[in-house]
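I'd like to ask some things about the structure below.
Chains here go by letter, A, B, C, D, E and F, matching the order in which they are written, and residues are numbered from 1 within each.
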Amino acid sequence: MNERILEGTDHLGIKRFFRLDDAAYDDGALSGDTKELLGLVASAVLRCNDCIDYHLQQCVDAGWSDEELLDALNVALVVGGSIVIPHLRHAVETIDLLRSREQAER
Amino acid sequence: MNERILEGTDHLGIKRFFRLDDAAYDDGALSGDTKELLGLVASAVLRCNDCIDYHLQQCVDAGWSDEELLDALNVALVVGGSIVIPHLRHAVETIDLLRSREQAER
Amino acid sequence: MNERILEGTDHLGIKRFFRLDDAAYDDGALSGDTKELLGLVASAVLRCNDCIDYHLQQCVDAGWSDEELLDALNVALVVGGSIVIPHLRHAVETIDLLRSREQAER
Amino acid sequence: MNERILEGTDHLGIKRFFRLDDAAYDDGALSGDTKELLGLVASAVLRCNDCIDYHLQQCVDAGWSDEELLDALNVALVVGGSIVIPHLRHAVETIDLLRSREQAER
Amino acid sequence: MNERILEGTDHLGIKRFFRLDDAAYDDGALSGDTKELLGLVASAVLRCNDCIDYHLQQCVDAGWSDEELLDALNVALVVGGSIVIPHLRHAVETIDLLRSREQAER
Amino acid sequence: MNERILEGTDHLGIKRFFRLDDAAYDDGALSGDTKELLGLVASAVLRCNDCIDYHLQQCVDAGWSDEELLDALNVALVVGGSIVIPHLRHAVETIDLLRSREQAER
């Protein structure tokens, strides 16, 4: 996602932010897989579909099941309220899309 | 936290919301411990100190280490930006307080 | 709106949230009609077009006039600021659409 | 509330904003009383205690009962999620305070 | 932007808000050009693409260079966090569009 | 402000974020002074008093006058709405405090 902006700009601060953003999900005290789940919930309560899609892709790659992703999104729903519902619906559609891609690639 | 409001009110919808809120952190597809960490990050990016304190208490009870809590809060910082810093500072103070209580109880 | 997600998921917490969400707009100490207006203003200041559309439909069904809807949206505009303007524009377009449907059905 | 800032500043835009803010709650297509309730819910979902207190005072003056205020705050809770809970607790305390003042004045 | 809504409504409060909104970017203690840059950063951290586009157009008309616009957007990115990235990408695309229009008009 | 947290933690990502945050206000395509004003408005629309206080201190050090600061805050008020008013009041009090300190130091 970040690649595309980088082509159009060479602002040092922006480039460094992107590197910091990537590094935040590397294995550390917590595993990268767990941190992708944190990123998903943060994106959901802040209501950003592009960010939800990005973290869902990472979460699916990390091996989280549909049941686990919904359980995480339920936390986001309760914390963030009904205003999160359109983003929950969007997330469910993205999960379906990612799963059908997985199927096709087998 | 919810107890205190319940005393002052008997609105059925509010009571049900509190029960739903509690249930969201029960063991499910994800463990309750993992979901407390999700609740912490959601509270941090939405910048609510009372909510951060509540989830930090639950996270400490669940056995998450300081390093793991800071790694989760770092995700919140990167997702939510510098506007999260005062809440990160608050969280660090709360962690210190919870740890010194743990010490005192031994 | 909630129906569609329910088909794709059977997470108990999510289902219960949807029921709680529906119940919040039932007649109670305040009439359901008044609470739809509250839902509209909450949706507008939180800047969610899907939520605005949903509550506008309910408000039109409840018999609120265009003048009353605009008066409510004006409160949202003053509380939420110019950042609400794109959503106010969206709301005005939705009201026009709902009214022309009303006309067609007569 | 606005008075105090006005003493310290004579910025024309700010003064005009305050006048616009006051006018938004005057009787219009909707009654001023209904609009105070809208202002309360908007303040609650945007999580501003000072704004909640201001609108609660106006709502109490307008004659809304505790049951009606809680029913409005329940809409805010469902729309805005558990992150609204600390502000709901604050609101309940303010309502108690305003009611005991009412008692004392009789 | 405001023109289109005004056609569909004649709510006095809304009209006055639009006038106040326009006036906020007039030359004052700060130049109008500087205030457009402030409007851009406010729109970016509040994550409103329509508002970003509007202020980018004004900023380009005011003569701000791409480097200056990116430097302002970098402040928004650091303050608002990675959740601002999709809006930064949108802003970069809008800047490209505005610059190619400038080229075409010469 | 960041110093205090750094003492309590040595998380590499957090440290790097603080450095990036500081660097965002260095002279670049825009002057550091202008970027402090951007930081002030971003802090005001995101409604963070600690952040407002920090940037006001930097803005006063940069030589911005009261009239210029209020003109910037007026943009924040119009963009962010009446929900910003308590933070505007806070900002006016901080400006007064900073000016009286300036007086005392002469």
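Criterion: a contact is a pair of C-beta atoms (placed from the backbone, for glycine too) under 8 Å apart; a residue touches a chain by one contact, two chains touch by 3 or more.
The structure presented is a predicted model; accordingly, all values stated were derived computationally and were not measured.
> Name whichever of C-E and A-B has more C-beta pairs touching across its two chains.
A-B
> If every chain is reduced to the average of its C-alpha atoms, which one ends up farthest from chain B?
The most distant chain relative to chain B turns out to be E.
> Would you kindly give the rotation angle relating chain B to chain E, two copies of one sequence, based on a CA superposition and rounded to a multiple of 5 degrees?
C-alpha superposition angle, chain B on chain E: 180 degrees.
> Based on mean C-alpha positions, I'd like to know which chain lies farthest from chain C.
Of all the other chains, the one whose centre lies farthest from chain C is F.
> So, what's the distance in Å between the C-alpha centres of chain F and chain A?
The computed centroid separation for chain A versus chain F comes out at 31 Å.
> Go ahead and note the Å separation of the Cα centroids belonging to chain B and chain D.
28
> Give me the residues of chain F that touch two or more other chains.
Residues 13, 17, 20-21, 24, 28, 42-43, 45-46, 51, 67, 70-71, 74, 77-80, 82-83 of chain F touch two or more partner chains.
> Report the residues of chain E in contact with chain D in the complex, numbered from low to high.
Its residues touching chain D are 13, 16-17, 20, 23-24, 28.
> Which residues of chain C touch chain F in their complex?
Chain C reaches chain F through residues 45, 77-84.
> Could you list, by residue number, the parts of chain B that touch chain A in their complex?
Counting only chain B, the residues touching chain A are 20-21, 24-25, 28-30, 34-35, 37-39, 41-43, 45-46, 51, 65, 67-68, 70-72, 74-76, 78-80.
> Could you list, by residue number, the parts of chain D that touch chain F in their complex?
1-2, 4-5, 8-9, 11, 13-14, 17-18, 21, 42-43, 46, 48, 50-51
> Using the touch rule from the top, collect the residues of chain B that touch chain F in their complex.
Listed in rising order, the residues of chain B that touch chain F are 47, 67, 70-71, 73-74, 77-78, 82-83, 85-86, 88-89, 92, 96.
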